[in-house]
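Naming follows writing order (A, B, C and D), and every chain is counted from residue 1.
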Amino acid sequence: MTDSTHAFDAQTTVPAGVRFARSGPSYWRSLEEYAQTPEFEELLHREFPSQLDQWNDPIGRRRFLTLMAASLAFGGIAGCTRPPQETIVPYVKAPEEIVPGKPLFYATAMPRGGYALGLLVESHLGRPTKIEGNPEHPSSLGATDAIAQASILSLYDPDRSQTVMHRGAISTWDKFMTEMAAQREKLVASRGAGLRILTETVTSPTLSGQLRVLLEELPEARWHQYDPSARDNVRLGARQAFGQDADVVYSFDKADVVLSLDADFLLAFPGSVRYARDFIDRRRVSSGKADMNRLYVVESTPTITGAMAEHRLPLRPSQIEPLARAIAGRLGIERSASAVKLPAGVSEAWLNAVVKDLEEHRGTSLVIAGDGQPPAVHALVHAINGALENVGQSLSYIQPVEAQPVIHHQSLVELLADMEGGRVETLVILGGNPVYSAPSRLGFADKLKQVARKIHLSEYDDETSFLCDWHIPAAHYLESWSDARAFDGTATILQPLIAPLYGGKTAHEVLAVLRGRTGRTSFEIVQAHWRQEMDDDQFGTAWRKAVHDGVLRAAERIDPSRFRVEASGGIGRRPQPEAQTGSGTVEVEFRLDAALGDGSLANNGWLQELPKPLSKIVWDNVASLSAATAQRLGVENGDVVEITLDGRSLRGPVWIAPGQPDDCLSLTLGYGRTRSGRVGNGVGYRAAEIMPADGARFAVGASVRRTGEKHPISTTQSHHAMEGRDIVRVTMHQRVTDDSQSATPHSDELPSLYPEYEYTGNAWGMVIDQTACIGCNACVVACQAENNIPIVGKEQVAVGREMHWLRIDRYHVGGLDNPETYFQPMMCVHCEKAPCEVVCPVAATVHDSEGTSNMIYNRCVGTRYCSNNCPYKVRRFNYLQYTDETTPSLKLLRNPDVTVRSRGVMEKCSYCIQRISAGRIAAKIENRPIADGEVVTACQQACPTRAIVFGNLNDPQSQVRRLKESPLNYGVLAELNTVPRTTYLARVTNPHPDLPMPAAAELHGEPKVHADPNKAES
Amino acid sequence: MNEPLDLYGLLAEFEHPEELLAAAAAAHDAGYRRVEAYTPIPLPGLTEALGTVPTQLPRLTLLGGLAGAAAGYALQYWVSVIEYPLNVGGRPLHSWPAFLPIVFELAILGASLTAVLGMLALNGLPRPHHPLFAVPEFRLASRDRFFLCIESRDAKFDLAQTREFLSALHPKTVIEVPR
Amino acid sequence: MSGEIARTDTHADGRPPVLEPGHTYATVTDQISSIVLSRSTPRSWLGGFIVALGLLMVFLYATAYLLATGIGIWGNNVPVAWAFDIINFVWWIGIGHAGTLISAVLLLFRQQWRTSINRFAEAMTLFAVVCAGLYPILHLGRPWIFYWLLPYPSTLGVWPQFRSPLIWDVFAVSTYATVSLLFWYVGLIPDLATLRDRAQRRVPQVIYGILAMGWRGSATHWHRYQTAYLLLAGLATPLVVSVHSIVGLDFAASIVPGWHVTLFPPYFVAGAIFSGFAMVMTLAIPLRAVYGLEDFITLRHLGNMAKVMLTTGLIVAYGYLMEVFFSWYSGNEFEWSLTVNRAFGAYAPLYWSLIACNVLIPQLLWFRAVRRNVPLLFIISLIVNVGMWLERFVIIVISLHRDFLPSAWKMYYPTIWDFAQFFGSIGLFLTLLFLFIRVLPVISIFELRELVHETSEQVED
Amino acid sequence: MPQVFHPSTNTVARASVFGGLFLIAAVVYAGNAFLRSSYVTQADVVRDQPVPFSHDHHVAGLGIDCRYCHSTVETAAFAGMPSTEVCMGCHSQIWKDSPLLAPVRESYAEGKPLAWTRVYDVPDFVYFDHSIHVAKGIACQSCHGPVDRMPLMRKATTLHMEWCLACHRHPELAVREREDMFKFERASTRQAGTVADGTFEIGPRFGGDHELANQGQRLVQQYGIVTKQLTDCVICHR
């Protein structure tokens, strides 16, 4: 693998340019070296997150040795020992673009549910260490989301499958190729009869190209697609509305009024990262803009989108279609009788306000339906947007991004029918894990048995692989040459950052084998495909540019006139999958998990330990329900219930979600894996167990039974009220624009006994805009990846020892039935009068001359006094050896510029001091000041909505300085005179004048301003 | 002055403190200067009777205390202001109020050590070996007997006369203490 | 038979005597030194020692596991980063206050009754300080570099941070340990001489001889000796106050609601004396029973200690009251919500049992009958010990588990290792104490002889 | 009756009581001396290397510039170690079959890198950056000593934190003119003297020399060195 590393390092990949020098203790930890070390062999079979079982680990041999070591050290002997002998291993032939200590950045993209998110990946000496967004890429604009940030951990996951398996025995790629060669004879003869290929959503031009050619060769063969995150309803809705396939691209930057019908567009849509940016940019009043958009959300279980809404309305999924119909009725589109009657829980006032607002904003409004809603709702929404003249304005239609748009569920059902009918001899599953993800009712596993030859390509030896004859380890996307298209059709060429660590293969290579082109590398395949697309004479440069930029071309918008929905009766009323109906009284909905998605990354510790945006639960999925329903069922948090839907049932713990509609349980996919790896196995329940057979994402008539069992659930935040304390300040748009005194009722200026420190030179500070923070967690994982923050496991979180430097506090205001929700990212605020520093007996935490509060790990003895004296409780302590120092592959992952902390040491947010240092050194070498925006913290860089702004307070031109002067700016707990360097901008909301203002806005005893409608309408 | 070189002194044993006090006074009046009394308990007035000068210990102790305090403040000032000035939570480098507790503790420490070591030094302790320990009766000096010893190096010492003088004080016994 | 006879059968005021009548220099000397020298080891001593040793083993095992695994074996977390470790530290250091106080302060006030109890009170102090001193080291995340808290010229060129109350602790506790040791040892010297002279076999003669430093009771020596002893007493008195004030500052100097209380230093000192006397009582009562020392540790002693406990107990109660009052009067929302949380929050039962142990039950000591009822005194002293431990729990854990930002609020639950470490340290304490009883005079012999002398005079004149 | 103790014990006893203090002092002193001894610090100890490379010969003898092999010293944190290719650049012509160079040829032929023993090794929590030091006038010699007189490589200092601090506290005593960065000077050419605490044995030594001291101040200005910033913990620890 050494040579192959060279192969692509040297010639083919194209660095996106060096940012700045970043040195580290392990510069020479290059792959070359690893290839030779025994660790690299061990890497294949070593315990993954050893910290998970650290807790119950008995005193074994290792313990005893540590014990001896510790007691020796205790005797002070450690003081007299010499540091271990280290070696330097230089290259034999140095690749020219690699400078030890300077990271390179390569453009690529992460395909998720088929859709690409454009990325720049940081690489140290050929090992990717950190993922950033690609500023050039429309789906990212430089930002990322939590899952993309975490995906780098999966790259190094030692649980990924490492060898080709044949009927449970270790085999080789060559053996596979020879067998396939033999098969191919027959297939060609039978024109491909009995050959079925099952993929996930395919947007890759190359892959679809390969498939088409294959299907031309073998016309009897069939290509099926099944993706648990597929958006069948959206597609059906479009077909019903227009009789043709089309994807929608929303332009939130043009929308003043947004109505979401169960659509979590800030987190769960392809393109959510971009949508979040555009949506928030229309709300940012701190940046002087006068007007501000308004968001109405109708949804079942609370989502971050709902949390951002001015007016949120909890409704059971099944009640949303009637509401949509009613709205359509008010707008004079829907003429059927059913249009008039309102679902329970919707007030006339509410409906009128929404309709009024929409009508007043023709062309600048936007109505969105969620993936979970039935096609009819989508059809209605198309009609409504059409009637409101939004098409071509706040949304536009494009040719489908999917290479071959299908209804995945139908496609799967057809395949299963063929399998059952014995018409399938060879089934090639390229990615995906249908045995786990497909609804159990479809009986995929059983029917698979009737297939003679089953081939599965996947990153893990998972549930599906287990039932297949051939398992081919798949290459991680950071190891692959490929391509993919984004939500708006933009194509990106994926380039590998590293040679496959475990010899993984790509779908391209497997298909090449099927076509008898054995041994073609995916590089050749992808390049060959684009050679056809691009004009030949400039191909070299064009290709280099495409790979370098990571952006190829967007799909052009289609003329809106082709999308008209005539006003009629019963839009979308046509033969459609009926919601599954059982005998029970409760409604169940199924959605992708906010942290794990569809579960393909279930073995990713960062995601498992990522607090869910609202419940803050880690290492579990729950059945969320409303307080009232819980009371009715006589259950409380953590009680295990049995949920039965039409004969099938599952057991899972319940969790009360404030704002959840009554009589509705929300289950999340992605958990209950059995062969995901040591991290993900046996975590949570498997929702697909009872999913309806018709592919609907919710069903009425489920019944719930108490089992009496308890299931301990770990959360990172157990208290949800602000206790009337001045923590998150909320104000109304009218107040901000009327007069600028609003958000800060009392000034933060306090007298101090101490003389002021003069901070000449740089003075680093941060401002967090709470209007912009959507609580999406991208920053949390970004921080974890940048700063080598370990995970601690469920038990330790339960004790209260999670290590995240950055947490997103979530507060509820108002009743349990439908409270307001506020997010507040909380990390070290770098107080100028830091209480933590004064109490440290060894000066392990002090200020530097630029005003950041530093934590010097190697000096820390661990008295934990600083944590006690920190009013923000943002310090984290290594109570045990949390950092996994035994798994070699994880050493490759670590950021060489950040010290890895050991047991017994305090740590906290450092303002990414390693990035500050790098920027400072770069500037000092050139004898120039550091430019604004030159130093960017990891959280800031990841944030989709640019809610976090970092910079030099002494630079009058800096953005952070300007924000600090905003009337919305305030310091949390500033009354303690800690003089925090990180301050917050009050959350601004823009409620409809006819509807109640947010309760939180009244907390600070400000007069209830009832703004004049004109202002609200502007 | 015929003083036998192999003699440490003459030891008189008494049963009651009052007798010893009287004897001590008498010996002093008789002009004996190298006289020492040995008692199981500190007897008020005994030193006066023997005409011993009061001790310097209190002054030494005071000096010890001052030294400790000075050292304490000097150390903290030097470290925090001169050697490695650090911005600790925005507090002044010379945070004198925060330095006082340690100054106080070190003052006490210095004084106490001086008091104890000074006492031992002035008393010429430790001295596990001493001629008196050779006298069997002397073991009772730490129980219930009171002794008066006129040492042979006393200018006025004369074995015969001194023995006579002591016996005149009606002791229980008079013992010759070998050197 | 020679020497004075103590004639202190009754006092004018009819209070019980500090020394039962009929004792002479000889009798007191013989009776007490015989405990160490001749008398055979009592069964109760053996039994107690074995129990203590067992607990000590628990302590050692827990400590070994702690060093090997990290303090994660305890229940501490964020926000409750201090729990049993510091609770135990403060509890022990508090107990370690009675000894020096009894010897020093009562000496300065010329309280005869101190004589019979100061010796083992001082010993108890030392051993309590030993236990206390271990916790600040063991509670460190990286205990093997505890010496970074000491100012020494390291190759790092960095020094301790003298603004931290923890550094004040280092100096206060080590000074206190040193001075207490000196005070105790100086007090021992004449008695060691006595033992040397009374020992029959050579080995004890040599050992006690070395320790006695050749003390021979000369008048001049006695003179300097008493000066030094008085000076030490004068120094130890402010020291003892300063030490627990500084421990109080560990909390008062922080900004945690419930810690940031200016009242802490004085009321920590009062609490320390309170718990210290309780512990002396807890130890004295069995001791006098087992070794038949009723003549020397009389009801007068127990009664006086009870009175001291009552007084300090009242001061502590006043402290609790003021805490509540100030949190209300300050109008500080954080302070007030803490007070409410103490009284009605998750840990409320502990708070109320603290009030019961430290405030209500000690009120029984108002009654003479109670003060003369030895078993009852024993029980009350035990209750006060528990109460003082609870007080530290209330102050440390309850204050930390809910401070400023509700998002960070967490519960704290101790683990089995927390308890092992705690009861283990009691084992360490008792082991040392039993050894002390076996090899050194538990009551100051020479001072008893003085007592015989003085009491006899009192009647004469 | 016999004495319990022999007269000599008096002296012994006094010595042990009053000598105790001196004993403690002695132990502390010895401990410190030990920690700074080259047994612990490995200063001035020659390490075994796969190839007995002589800086003396290459630098002093042939006059090869430091940057020829340590090519990234001005641009990156890591000064850079020459790839085998670089060695072979010359040694494919000269000394091309010297047995000493066998490992080099082998490495080149088999593509197996040479594994040099680290001589200057700071702990993993210390982040040293060559480029900034060179840019701000700290010459190679300041830390690496008279490399041009080292037939075999050795560490010229303790690398103790106090040693780093000596310079970071008084950059004016260490900085040099740009053109002197890669030169090696004999002590004779400059007047001898030391920085305050004596741990700063190498680097320019001009304690008494006012002309040079002023020059140091001037350079500090010119390079824009913020002296107070140099002792920030995070300048080296992250």
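Operating definition for what follows: a contact is a pair of C-beta atoms (placed from the backbone, for glycine too) under 8 Å apart; a residue touches a chain by one contact, two chains touch by 3 or more.
Owing to the predicted nature of the structure, the values given are computational and were not obtained by experimental measurement.
Comparing chain pairs A-D and B-C, the larger number of C-beta contacts belongs to B-C.
Distance between chain centres (mean CA atoms), chain A to chain D: 48 Å.
Averaged C-alpha coordinates put the centre of chain B at 30 Å from the centre of chain C. Taking each chain's centre as the average of its CA atoms, chain C and chain D sit 53 Å apart.
Remark: chain A and chain C have CA centroids separated by 58 Å (rounded to whole angstrom). Among the residues of chain A, those in touch with two or more other chains are 835, 838, 840, 843, 846, 848-849, 859. Residue positions 4-5, 10, 13, 17, 35, 165 of chain D are each in touch with at least two other chains.
Residues of chain B found to touch two or more other chains are 84, 86, 88-89, 91, 120, 126-129, 133. In terms of which chains touch, the assembly is arranged so that all chains touch all other chains. Of all the residues in chain B, the ones that touch chain A in their complex are 86-92. By the touch criterion given at the top, residues 2-4, 24-26, 29-30, 151, 157-163, 167-168, 171-172, 175, 178-179, 182-183, 186, 190, 193-194, 196-198, 209-210, 212-228, 231-232, 235-236, 238-239, 242, 246, 249, 446, 449-450, 453 of chain C touch chain B in their complex. Listing the residues of chain A that touch chain D in their complex gives 21-27, 32-33, 36, 79-80, 82-83, 85-94, 99-102, 761, 846, 848-850, 852, 854, 856-859, 897-900, 910, 913-914, 916-917, 921, 924-925, 927.
Against chain A, the residues of chain C that register as touching in their complex are 64-65, 67-72, 75-82, 139-149, 158-161, 163-167, 170, 253-256, 333, 337, 400, 403-413.
By the touch criterion stated above, chain A contacts chain B in their complex at residues 754-755, 757, 831-838, 840, 843, 846-849, 979.
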